[in-house]
């Protein structure tokens, strides 16, 4: 059973950084979000050191085989409502490694494994980008807590016909 | 860059009358190339009839005309070849080719076709591998005039029923 | 370069009787020696101990499709001559290949020998190999780098994860895999007495993503691997992509326009600026001085914007292709670059001054994490870590590449070997980089930036080294059909991690994070292959507390 | 103790507040930024050059009997822009769009549907219509030569048969 | 009179609970400004954080459930300690309120260490151990410093302070210096936030708390800070009150205003320093405390 993220999260949102084998680029962009030019604290965002304190897990990386059990445990350690922001091409779709032997390949596959283990994720928002730029991460957080509406939607076009 | 109709000094033809369909050319071609892929292929034309097909290095090569990036080009010896680093794998050459010769390289996704053993000839060989190894001398390499003459000779011999050799 | 094409270089003469054959490779920048298996140890010993070469890395290769056996390449470098020496050992066995271990003679070969054992099943004989590799639940008989194993083969996961072992030492303090000081999933176990660290264990390769295998897979070609190489590491990605394309270009004899080489060097320096400022900030943060962190990153942000202005992306620039670069630095961009450089130099000066003036920061940097010159040389450490310990090693000077031969710059060297000197080396390098960029902009030759017409012959070799912000990054490449046949990467952190042990022993626990950080570790670089010790087992970490009771749902 | 406080205050005072108030202000984008790609379906040939060039398989081709779909999955895209480099028609354009966050993976897909030409001999569908049109324009000034209606495999057979007849026969 | 005293004590407790989180946001705002950024959007940010945490699930690890008792003890002790503070009104505790203050502030620190130990996490235990080392040094100096301040202002009681005894400025300044350092240390700010040192201990003492428990943990930390600030404020307020005769409600407002000032000075110091090492911190503190204590008591003894 999923829990709707409460309104209180809009004012205060504590994030825990969970690197699941990413190349570091997304990770430094996450730190960048906290630094003067972006300053996520103006939305009440705070980076916490323990998953017990966190509302949102900022998940980067394609989830390597070695980190998988640890990631599951870390997410398990978060109190509900448990939100995930999957940041970067790797976390969203496995990125350039999506079919390599030693990765699980993105959050959607992890989600299945989590469900098998009885770990419920209340809401996920995917933030594409390689790396996702700081603004994109802020935008993703805003979508996650319901401040902004998502802009993208699936597009299907027939070739040879004009745009529209 | 050579224009498509810039026909070179050398060409290769296959004398289908002599060809036995033994497949030596295909094997040789496979052996010559590092990627183990033949540029000349023996196909079953009708049931039981095996004949090889490879690039004819046409006079006005449609593949060179169609190539959007100029990767398909002709060298000074007359061979139409693919510059792999420029090929984008669109396969316009395949659809342009009247004989459907170019293939998709299964490893690189680029266009794959006969280049008349450019590297071998640049390295001093006198003729492409398939020509050299054909047991029936059905594959010929030379200047267009020479080839025309040889073919004429063969046709005459054939007509007169003379032994060939 | 080499005047006597047919003569073995003078330095290698003592080896003459031991080798079967030798030849120049990599456009005359390296020598390849064919050595019989039984002579390998002797050759390695003479090369390392008598000739005084540095050990760079080794690579196992599955050459069964070529001639029916395996092979091992040991790569050494003679700094003084700028010459790489590749020892090639053929292994005829198809099923249980083995090679004598050279660890006793060359301790630095420790990790990579285990690596080819794990990845290819080549057994390094004569050493302990109870170390396990790959993820814990990986089947013993699947060797991912063998050519007959598909790149996407994922053996089924173990149903149950191994129960968490209780620590043998009650005083073990786990650091990682999720720890605020690391930002990357790595695992250190510090054994403490009181607050003093008495021993360290490291369990890495959480970030192993199988890059070397992917590069050989049909999904990639020469150009695409550039982007893969860039994603080895998000911080020094351009270094990796440069090292890779340089290897391809040298092995495949591809002409590169000079302007492209200038642009590459310039971007390498932009990357160094950003990396050092990032490090400075993180170091301040680890010392509890958040103001330093924020201001260092404020300055760094300018280099990020600059990088995006020059390349189109803040990180993972995507600029390199085999044969050149994709985007030119047009004259109208120059004034903006110079303005940003001014701001960065000035900002860095102020911020560094501010950070070092804080008494707690200074106290905790000075005299902590000391790596003595002797230890540094024995462990062949690279980059700022080596330079802070009094070793004057800089690939930009020792093996000039790209446009570095045309610029003049200083290499800061300190002799104390503590965290403070490593900080100062990096701060000074920021200013040097600014100067280098200015010189490069000044002297940039006109012309093309990309040569798109090349044809790469298979079976050629190249060894390239690039000075990354963290030290020497070595790539070894064997060309194949359409893509590398084998591509081996040795990231700088790989060479520096063993130095952590002497640095951490006897330290206060509180200083462990800054000491670990002081080598500027980049685990994602290091872990693209596997490494290491499994006897540690996995210890209970802050996040692995399996029995959890949920009290209420608010 | 006083010195660092003063230094910090001086620096902070000099710099002021630098925060960009995104999303209420415009993001810190430079004109070179590479974001999501846009595929202009009206000029796409369906040649698959982009698919071949894409390092991360963000662009893939889904084939079915008579339709070929070019699928762009922005979630896996590494925004290198190689597809735009290699696209022979310039149908792929790199935009500055980076606000792609969504809770549904489907939203990140862009699909271009290409119908394929049917071979009159074997009945196989083989080439996307726009690509065939391009080849015809380039090689035959717009008219479709008969051989081009036939799939490459049948062309080979027909071609060899013809050659046997004229040379060997 | 005891009614006014009770009312003011309750008022201070109420104000402390309400204002401490707001002051924390002020702290964050100030820090953000020094970092050249904006910081939290409103002054209620910490309150929002607490409110959110109250609505979250509690996850307690096996063996770590005992945290609840010491957690509440910390809050209760801190509040009780605060109740001794309202100055200028004779308290029923009068001769003993100094003792009462010392006892409960020590209890607040002790039970906070208990929180760490009972949560069972390695980091929390190390954090708790660090707190213990620091508190044991600091509490001694605190008792001596507080006594010295009381002696130099002339009384052994806060509430009755203004009514009798001599004010001796020189010993007062020395002992106030001692006391204010002690109180800064016990406010657990950088460089002395060793128990929660984020980079090495991942929030240390608080690491295992979640949801409402964490909210209480945060409140207890803030109350401890408020207590430190207001004791410092009280030590300043006493001589002022003597001279301007601000008693009762005006004394109370003076105390509050000074508390806020002290808090801001504390946060300014914290923002511009780095975190110390526990052994360095202890050494530095001892080398400061011993001469200051000796000086203060010598001055008091010789009646300067």
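We just call them A, B, C, D and E in the order they show up, numbering each chain from 1.
Just so we're on the same page, contacts are C-beta pairs under 8 Å (C-beta built on N, C-alpha and C of every residue); 3 or more make two chains touch, one makes a residue touch a chain.
Note that this is a predicted model, so its numbers are computed, not measured.
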If a chain touches chain A and chain E alike, it appears here: C, D
Chain separated most widely from chain D, comparing mean CA positions: E
Most distant chain from chain A, judged by the mean position of its C-alpha atoms: B
Chain pair showing more contacts of the two, A-D and C-E: A-D
Rounded Å distance between chain B and chain D, as computed from the means of their C-alpha atoms: 33
Centroid distance [mean C-alpha coordinates] between chain B and chain A, Å: 54
For chain B paired with chain C, centre-to-centre distance based on mean C-alpha positions, whole Å: 47
Where chain D touches two or more other chains at once, by residue number: 1, 4, 7-8, 11, 15, 17-19, 21, 28-29, 53, 55-57, 78-80
Chain E: positions in contact with at least two other chains: 34-38, 55-59, 198, 202, 207, 211, 271-273
Multi-partner residues of chain A (at least 2 other chains): 35-37, 39, 42, 49-50, 77, 80, 95-96, 99, 130, 133
Pairwise chain contacts, counting only pairs that touch as defined: A-C, A-D, A-E, B-C, B-D, C-D, C-E, D-E
Residue ranges of chain A touching chain C (in the complex, touch as defined): 3, 17-29, 31-32, 35-37, 49-51, 61-62, 64-70, 73-74, 76-77, 80, 95-97, 99-103, 130-131, 133
Residues of chain D touching chain A in the complex: 17-23, 27-29, 36, 39-42, 44, 46, 55-58, 70, 73-80, 98-103, 105-115, 128-130
Chain C residues within the chain B interface of the complex: 218, 221-223, 322-323, 452-455, 458, 481-483
Chain E-touching residues of chain A, taken from the complex the two chains share: 6, 8-9, 11-12, 14, 35-36, 39, 41-44, 46, 48-50, 52-53, 55, 77-81
Parts of chain E lying in touch with chain C, wherever the complex brings them together: 31, 34-37, 54-62, 65, 121-123, 126, 130, 190-191, 193-194, 197-200, 202, 207, 211-212, 271-280
